[in-house]
Amino acid sequence: MSDTASGTVSSVIRELVDANHILFDQGVVDGFGHVSVRHPVRPDRFLLARSMAPGLVTAQDVLAFDLDGAPVEAGGPAAYLERFIHGEIYRKRPDVVAVVHSHSPAVVPFSVVTGTKLQPICHMCGFLGTATPVFEIRDFAGPGSDLLISDTRLGAALAQSLGQGPVVLMRGHGSTVVGSTLRQAVFRAVYTEVGARLQTEAMRLGPVTYLTEGEAIATTNTNNTQIDRAWNLWLKAAQNRSMTS
Amino acid sequence: MSDTASGTVSSVIRELVDANHILFDQGVVDGFGHVSVRHPVRPDRFLLARSMAPGLVTAQDVLAFDLDGAPVEAGGPAAYLERFIHGEIYRKRPDVVAVVHSHSPAVVPFSVVTGTKLQPICHMCGFLGTATPVFEIRDFAGPGSDLLISDTRLGAALAQSLGQGPVVLMRGHGSTVVGSTLRQAVFRAVYTEVGARLQTEAMRLGPVTYLTEGEAIATTNTNNTQIDRAWNLWLKAAQNRSMTS
Amino acid sequence: MSDTASGTVSSVIRELVDANHILFDQGVVDGFGHVSVRHPVRPDRFLLARSMAPGLVTAQDVLAFDLDGAPVEAGGPAAYLERFIHGEIYRKRPDVVAVVHSHSPAVVPFSVVTGTKLQPICHMCGFLGTATPVFEIRDFAGPGSDLLISDTRLGAALAQSLGQGPVVLMRGHGSTVVGSTLRQAVFRAVYTEVGARLQTEAMRLGPVTYLTEGEAIATTNTNNTQIDRAWNLWLKAAQNRSMTS
Amino acid sequence: MSDTASGTVSSVIRELVDANHILFDQGVVDGFGHVSVRHPVRPDRFLLARSMAPGLVTAQDVLAFDLDGAPVEAGGPAAYLERFIHGEIYRKRPDVVAVVHSHSPAVVPFSVVTGTKLQPICHMCGFLGTATPVFEIRDFAGPGSDLLISDTRLGAALAQSLGQGPVVLMRGHGSTVVGSTLRQAVFRAVYTEVGARLQTEAMRLGPVTYLTEGEAIATTNTNNTQIDRAWNLWLKAAQNRSMTS
């Protein structure tokens, strides 16, 4: 790799470490969940921490994987069991540059109930559109699986369920959120959780007016210009409560 | 400007910075939302931070705007997209000295449900009166807007909906709260959020006894004499968890 | 006063300061609410901070009052508007050594709903007994009051409503909790809030089995021997997050 | 004891201290609740702190007990009133190496309602299986007890109710969770609380799809290999907010 390419990779890895810490500090991930970014030089690869709590990740913990979920360097540390989520989405969606998988607490309930869809009640969550798909792993792994996306076949099925959208819920498990930049994926992961909490509360107060499709599109376009405002705050907050120093 | 006037402005800016930090620390704003104060020497202007997270604002980030939302000094940094909320309210309401706009989480649900009004269940929220208006931006911007108050026309419509009251909810968006002092506006913004949470919980337990109009007025009058007690606490708390040092 | 008496008073004041900080740190009080202790040498007096946020109280802020709520030393700083809560309860209840008044958030909803009583669902809250009275200030101050216990007449009415119990709710306002020691009053104030939250959640899951009267009595007797275990933890927690250093 | 055995005991005690701090920091215990581990050299004994808040426990506070709940060294400090929970479970369940007893807030409501069972809605809580038993102490101690497991007879009854499972709820009181390692017991105690909160929220959104028995078993097997990932995070978090330094 050239010096420039190498500098680009280092810079992306630093931002990926920040993303790990932000997602922990904002309560999107706990000991579990993970975030990846497409390799900036080799689009057929992605960068992801070794199997560990995101809040504790440092640059030394970041590994490169090919789209089959195989580590580029053999003999390394244990990898996340569900790295196939990332590989298959990068394969199917050339527009995707980052993927967040989490069990964030307000979202999980929406994955297991019938008759209620996760939908945006406010402009910050417009990216959710008019409905969020739910991936039922029983349809692919049968009634007695461990619910994990533990191979490329299940990864491909999940990617199929995600379609061209930003978020897919996973029944009894959590969600996967994608973005065209790492910061956008983090932004969406945080506001998917925020939006789920708001919808839960609103539904208890009375019939809810959701965003129209037009409002969902327009708010998404505007919010896409404002992502750094949130990122800068979240990064400072995560640094103030650092788990790695 | 005279030295005295200049000292007054500096002092108001310092308090505006504190207000930004308090609103973040109390959970009223996150990366988004903003607070302004009318210019103490030029009532046809107001002071507002540049476009950034309130928790990170310093005195250097505060800009002056005219009531049309135009920055007094051209060529400065990017301004909040919704500065027109502030300008139009200051224009319409000479009694208003400070404005807080937020997406505080317990309030947003009240903006999107039909059949339930935000009302005070306890004395700390008496200023809410007997009902809080909801501004439906679809009536002014159509069914496909980005929900933001992004020009003077929408700002004027919002100010009209606010009327002579202290709070207006904004459908699918948040709320705007005003005060005759900066500290009062902050106090009301915090207790609008607190009150929304209390009402939400109470409604789930059974039929609720709200404050009468007389109680709302009497409690507001008493609480107006007690604002510094909360302010001093919140300022110390925000300083202890400072995001700017 | 003798040296011994003076030492006793100093020691009680130190514990009262700790109680203020604990109640803030545990979320029972915010900028508002107050805690008092009967004067250890003069039972016709009580000790209470001047009007300020409990989290910021220091020993220098503690004042002595007679049971009419008049400060023993004239010309001092402003006193809490509701000091009459304390005086009238000490007058009516010789067994009471400490009083906590708060607007703790899970309790307020129980003060405004009909058909639901605050009751213990678990052993830590056994002291609540089989029902908690609600004081309706409209019966004494009419339909347009500021809801505050702002004179001895209203204080006496509240004390009457409290009766021989440990807790009285105040409609649209909060609660007042008493104890035969300062630590017991603090313990009860914290667990009144905890219990209200637990009951709120349980009621949403299905029909609730509350403690019997016998269980309420037996758990109270046992818990009375365990108060220091919680106090020591809460004090350390409050010191770790000190607002006064 | 040999030097090796003595080193093993010291190491187990250090981990037990960490477990105490983690359970406090994760909100499973407050001033009350306790965690024990079977003695690594003498399986007819167990190690448990003296009667104190878990968040404040140090190695010097750990005592050894026999299975009857009697301290191995007489004349020591006061012991937890409910140490019989631990002794009787260790007696009845040779597979159990650690026991956590708590009043964690999302779980208590499930102990007092009829018609609703605590069940896993997501893979992290698969260990809960298809239903969690509730121990009704009235059946053994009558209608006026203090609800505590204060002797070996009640301990044996609770152990009977636990059966071969990982968790038993205790009506009006809390829960007891066991594990085949200390880290597994802590993991389960945290995720019992997490799972109870998730189920509570999901039940309010609509009919819930719970894990099948097969999914419960498969997710448990997978999660058992991932416990250290959470432990390492929780330990770092507890150390960052240390209550004992």
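To keep things simple, chains are lettered A, B, C and D as they appear, and every chain counts its residues starting from 1.
What we mean here is this: a contact is a pair of C-beta atoms (placed from the backbone, for glycine too) under 8 Å apart; a residue touches a chain by one contact, two chains touch by 3 or more.
Computed from a predicted structure; not experimentally measured.
**Q** Going by the stated contact rule, which chains contact chain A and chain B alike?
**A** none
**Q** Chain B-chain C contact: same residues or different, taking over half shared as same?
**A** different
**Q** How big is the gap, in whole Å, between where the Cα atoms of chain A centre and where those of chain C centre?
**A** 46
**Q** Indicate the whole-number Å distance between the mean C-alpha point of chain A and the mean C-alpha point of chain D.
**A** The answer is 33 Å.
**Q** For chain D, jot down the residues that touch at least 2 other chains.
**A** Within chain D, the residues that touch at least two other chains are 204.
**Q** If we use the touch criterion from the header, which chain pairs count as touching?
**A** Here the touching pairs of chains are A-B, A-D, B-C, C-D.
**Q** Would you mind writing out the residues of chain C in touch with chain D in their complex?
**A** Of all residues in chain C, those touching chain D are 120-124, 126, 194, 197-198, 201-202, 204-215, 217-219, 221-222, 226, 229-234, 236-237, 240.
**Q** Under the stated contact criterion, what part of chain C meets chain B in this complex?
**A** Going by the criterion above, the answer is residues 30-32, 51-53, 55-56, 81, 103, 105-106, 108-116, 143-148, 171-174, 200, 203-204, 241, 243.
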